[in-house]
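Presented sequentially are two complexes of chain A, the first with chain B as partner and the second with chain C.
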Partner chain A sequence: MKKILQNSILYLFALLEISPLIFLFAGTFMGNQEVISYIAPVLKKGDGYASWRLFPVFPTLKNIAGLLLDSPEFFQMFWNSVKITAAISAGQLIFGMPAAWGLARYSFVGKRLVYMLYIIMMMMPFQVTMLSEYLVLDWLKLLDTSFAVILPGIFSTFSVFIMYRFFCGIPESIIEAARIDGAGELQIFFRLGIPLGASGIISAMVLSFLECWSMMEQPMTFLKTKSLWPLSLFLPEITGGNAGLSLCASFVALLPAVFIFLAGQEYLEQGIASSAVKG
Partner chain B sequence: MGKRNRAGFCFVLPSLVGVFVFYIIPFGDVIRRSFMQAVGNGFAGLDNYRQVFSNQAFCLAAGNTLCFVAVCLPLLLVLSLGVAVLLLEQVKGKNILKSTYLIPLAIPAASVVLLWNIVFDQYGMLNGIISFFHIRGKDWMNSGAAFGVLVFSYIWKNLGYDVVLWIAGLHGIPESIYEAARVDGAGALKCFFYITLPNIRPVAFTVVILSFLNSFKVFREAYLVAGNYPQEQIYLLQHVFNNWFSELSVDKMAAGSVLLCIVLVVFVLLLQRSWDKED
Partner chain C sequence: MKQRKRNAAFWMKGFAWLLLAMFLFTIISRAADALTVAKVSVAGPSSRKLQYRVSVEGRIEKNREISVLTCPELLVKSIRVSEGQRVKKGDTLAKLDQASIMEQIDKLEDEKRSLELEDEAAEANRQQEQKSRQKELARAKEDYAWLKKKNQMALAHAKDELEKAKEKVKKQKRKLNGQGEDSVEALRAAAEEKREAYHALKESSRTEERAAKRAIEDALPEQVSDNSMAIHQISIKNLNKQLQKLLEVKKKDGKVSAPRDGVITGIFAAVGQKTADSGIFNMTDDRAGLRFVGQLLAGDAKFVSTGDIVTIHAAGREEEVSVTSLEMDESQEFIKVTALLPAKGFSLGETASANIVQESENYSCTVPLAAVYQGDNTSYVYLVQKEDTILGEQEVARKMEVKVLEKNGSYAALETGVLDSESRIIADTDRAIESGDRVRLKEEKG
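== the complex of A and B ==
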């Protein structure tokens, strides 16, 4: 009896969490007519209430083909998202990874202060830094360019924090042994730090990918030109006219994130857990 | 500073420069501006702060944001802890369940907006289901119930994240304590209240703070569903900042950012203290 109750609670929540994905998946393979017949009441064109089906009555690839073949804007925005996400991730590796290593393995004057600063920065919502980011981007003449979103993103300190937690977990004895063998600091970082902290680095990358892919506030504030927009900002624009197509677009837009999620879920969990207990 | 620790500082330096250029220095400028007049360069003292506090939109939004946090935070914590405890005892499908709970992290807000509209519309699916039980539905998005939709979105998005955090904490409680209690005849409820709850306190603090800070992200859903001027009950601080930004009220924005920053720094310092205690 207790087992049944436990199972039903756990699976009910699971169903709740995943239902939007299933819903969008079904919608992707429906024809426009079918979508409209279900949601007519919402569009104020029919009686009763909106409904949905888990499996389309007339499955079709028309919408997905239309999206991939006939909508150049969609591709443009998709590419923008890829570009922004890739640039931020690469930048976080170049700048954030050494910083995490330095904070985790060395003690220098002011380290404690820098660490605190990074933690505080990581916790600030966009609204707090919005004006300051605007001021500096304006000063650097970067507003309304992709860099306005990419550069502040690179120096977001969240990924530093995740990598820091994992670098701290490497036993000092290994590092000490390498030092006795005459390895330089850079060598230790590249030969020991990166391989031994790999799971932390991947965790940070997975988390920041998911964050960047659904980024909205920054591009909304700093990008006026629509051709620079990432997908997350563009999607709402097409919800008006064609319901079938926008369902399909919503689904395709979340696919890369879901792939990264599935490929890196073990790391994702480790990354999240590392902020609760030391990794 | 020894040679080795100087190397440590060099690892951190590039990232630190970036953080200073994009966040710290401009934020200093924001603090300065918060004491300046909007037009001209006169010193305004605390005028801007007074203006913010007497601003109706700000007070409404601050109240709403507080109310939102007060409702959704306890709800999320209780639900996620409950799920985490059950999940830990679950034998079959444990990992699949956990991954399913995390899936919303990979779903961009933009992708679910259309869905939310279909579900929560006056003639949407939710009302369809309710009408089945002969209860009259509401126009969820355009009445006070919009607040509930926002709470739901927040729980949906963050449940898995919190479950993973809790599980990390629960793993830290030695199994032997439970065994000893069971030998003494303690039931599941007793174990939960006398062993699990007291032992999970240090992690609980982290979970509270991270959930609090994540609560700033529901703005995405609120914005996408309802735009810049949503239903009064879901007019949040983020909307105020956005609207000030588009009006270019730099004076109010500066004072508002500083205030919000102070509140959050206090929270972060509390979090830091709880982490330190853990060591």
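== the complex of A and C ==
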């Protein structure tokens, strides 16, 4: 009985937690007028409070059809997001993974200082480093190019930190055994480090993907050219004309993140657990 | 571990399919967008004079028509021309019967003679009456003179008798010296009688003389208004003219000739019938030429003025002439446009059109009229501007209010200052557009 009560309370909170997604899903199949009638107070076109329904009164696929067949802007931004996210993820694999391995497995002068710097940089919100990043990108003549977002993303400290935690977890005896067997440092990294730290790498990639997919401040700050904007800036003003389309776009934008999340769900849990015990 | 990998592979496949689907929809939406974006052609503002072209449909008409006259009451023997036939000066149009000409001449001469005889008789009567009047006047004057003389003598005698009676009264008074009043009184009564007799005679003389004067006045010749002879003279004069004409017709063996080069437009006589008082033929006069007559809508009157040069087109020929006159018709809806044409080159009655071109002042900023839209009391154009959009740099239509100074059927003159020479104005679009819409420029042909 006690367990049932506990579960009920948990399900209730879980329901509250995912209610925005439910509303988003329902709104995707609502007509414009129906959406407006519910959110009229938000749009300052009515009194009282906004309301919502779990099921549309008049379900329609018009918004989905309009988005998929008649919104090239949406796809332009979708592929911009794919490009930025893929580039950052690839960059993190190329630069972040060796960095994490080096920090985890080698001892060198100033290692602790470097690690501390990583931690500090990770803790800093974007707003703190925004100006300095802007100045550096301007100096590199990279402002208003995709690299303005990709380059700082590649050298993100968070993924290095996660991979570092996983690489640290590889027993030193295995590494030593490999060395005794004559394996070089690169062989150890590629043959032992990457396979044994795969969970951490995937976890870092999943988290990196989710972060990049929903990245807003960096594109808004560094990209002036609209054609370079990622999907996270597809924020059409919710007005009487496009409320339904906006909900639908939000729903479709959610799908890649959902797929990636589900694909790396178990690795992600490990990664989160790993980051939770950091320090 | 394997289960975890299978799950990951499954969802990654799903992710790959999602990307593939998004790729397909990207292509589809791009293709759909290409179909829905308005294709426009653009034009820049240019400097030009606005031309107003008005076409007036009409016909070629005769400019002046003349009537061919001959004497009335003559029998038409033959008609040598038909309506629409071109004739030259001197050509025989008809022939009249000689016998009827002679008959008409005789008839007129008889009329003339009878009028002359009437005049002669009237003159004789007038002279006779004048003589009689003169005789009566002489007699009245003679009677008056005699009467006047007789009355003067009688009055002198009566006056003398009166004086004598008065003298007797005076003498008797002196002689008696206040005595014998009875005898004086008797003389005084006698003198009074004489006075009365004298005055009565004077009165009767006056009455008689007045009567005699009136007799003289009655005998004087009266001024009687009698114009009959003058009227007869006029009639005779007219008869002479008619006779003269008849003699001329007779001299030409009854032929009626064309007085000018031209085209027969009307025949008002028939063979076997007599000519009337009016002309027997109507014809154009080549010396006066032809004219174009067309109708123009009253609203277009502002584009045409008398003296404007117009181009007349008819059956492949064209001629530049000037507008002779503009007349509003009774309905006030149309204006009759007339332009004189040379006689040669055009045919009477054929349809023709007049193209009138009028130019405005030179405007430095003119755009195609199709580019100008009308709003609520405002006019505006759409400019094509390059704008940074999600899809990259795109051509976007932007609304720009303008002030139209003047326009014709093709162009509108706009107030300067709003558009510059670099402005790209949408002159043609394949669908309705609004400000902010993306547009695509039509590919130039050739």
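In this text, the second predicted complex is superposed on the first by the 255 of 279 C-alpha atoms of A that agree within 3 Å, B and C clash if a C-alpha of one lies under 4 Å from a C-alpha of the other, contacts with A are read in each partner's own complex, and residues count from 1 in each chain.
Operating definition for what follows: contacts are C-beta pairs under 8 Å (C-beta built on N, C-alpha and C of every residue); 3 or more make two chains touch, one makes a residue touch a chain.
Only a predicted model underlies this, so the values are computations on that prediction, with no experimental measurement involved.
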Partner chain in contact with A:Leu68 - chain B first, chain C second, else both or neither: second
Chain B versus chain C as contact partner of A:Lys226, first or second or both or neither: second
Touched partner set for A:Ile260, first chain B, second chain C, both or neither: both
Which superposed partner A:Gln187 touches (first chain B, second chain C, both, neither): neither
Touched partner set for A:Met77, first chain B, second chain C, both or neither: second
Comparing the two partners chain B and chain C, which touches a greater set of residues in chain A: B
First (chain B), second (chain C), both or neither touched by A:Thr60: neither
Doubly contacted chain A residues - partners chain C and chain B: 260, 262, 265
Parts of chain C lying in touch with chain A, wherever the complex brings them together: 4, 7-12, 14-15, 18-19, 22, 25-26, 28-30, 32-33, 36, 388-393
Of chain A, residues touching chain B in the complex: 6-7, 9-11, 13-14, 16-18, 20-21, 23-24, 39, 41-42, 44, 48-52, 94-96, 98-99, 101-103, 105-109, 111, 114, 116-121, 123-136, 151-152, 154-155, 157, 160, 185-186, 189, 210, 213-214, 216-217, 221, 231-236, 239, 243, 246-247, 250-251, 253-254, 257-258, 260-262, 265, 268-269, 272-278
Contact set on chain B toward chain A in their complex: 1, 4-12, 14-16, 18-19, 21-27, 29-30, 82-83, 86-87, 89-90, 97-115, 117-119, 121, 123-125, 127-128, 131, 156, 159-161, 164-169, 171-172, 203, 206-207, 209-210, 213, 216-217, 219-220, 223-224, 237-238, 241-242, 245, 250, 253-254, 257, 260-261, 264-265, 267-268, 271-272, 278
Touching residues on chain A, where the partner in the complex is chain C: 68-79, 82, 202, 224-227, 229, 255-256, 259-260, 262-267
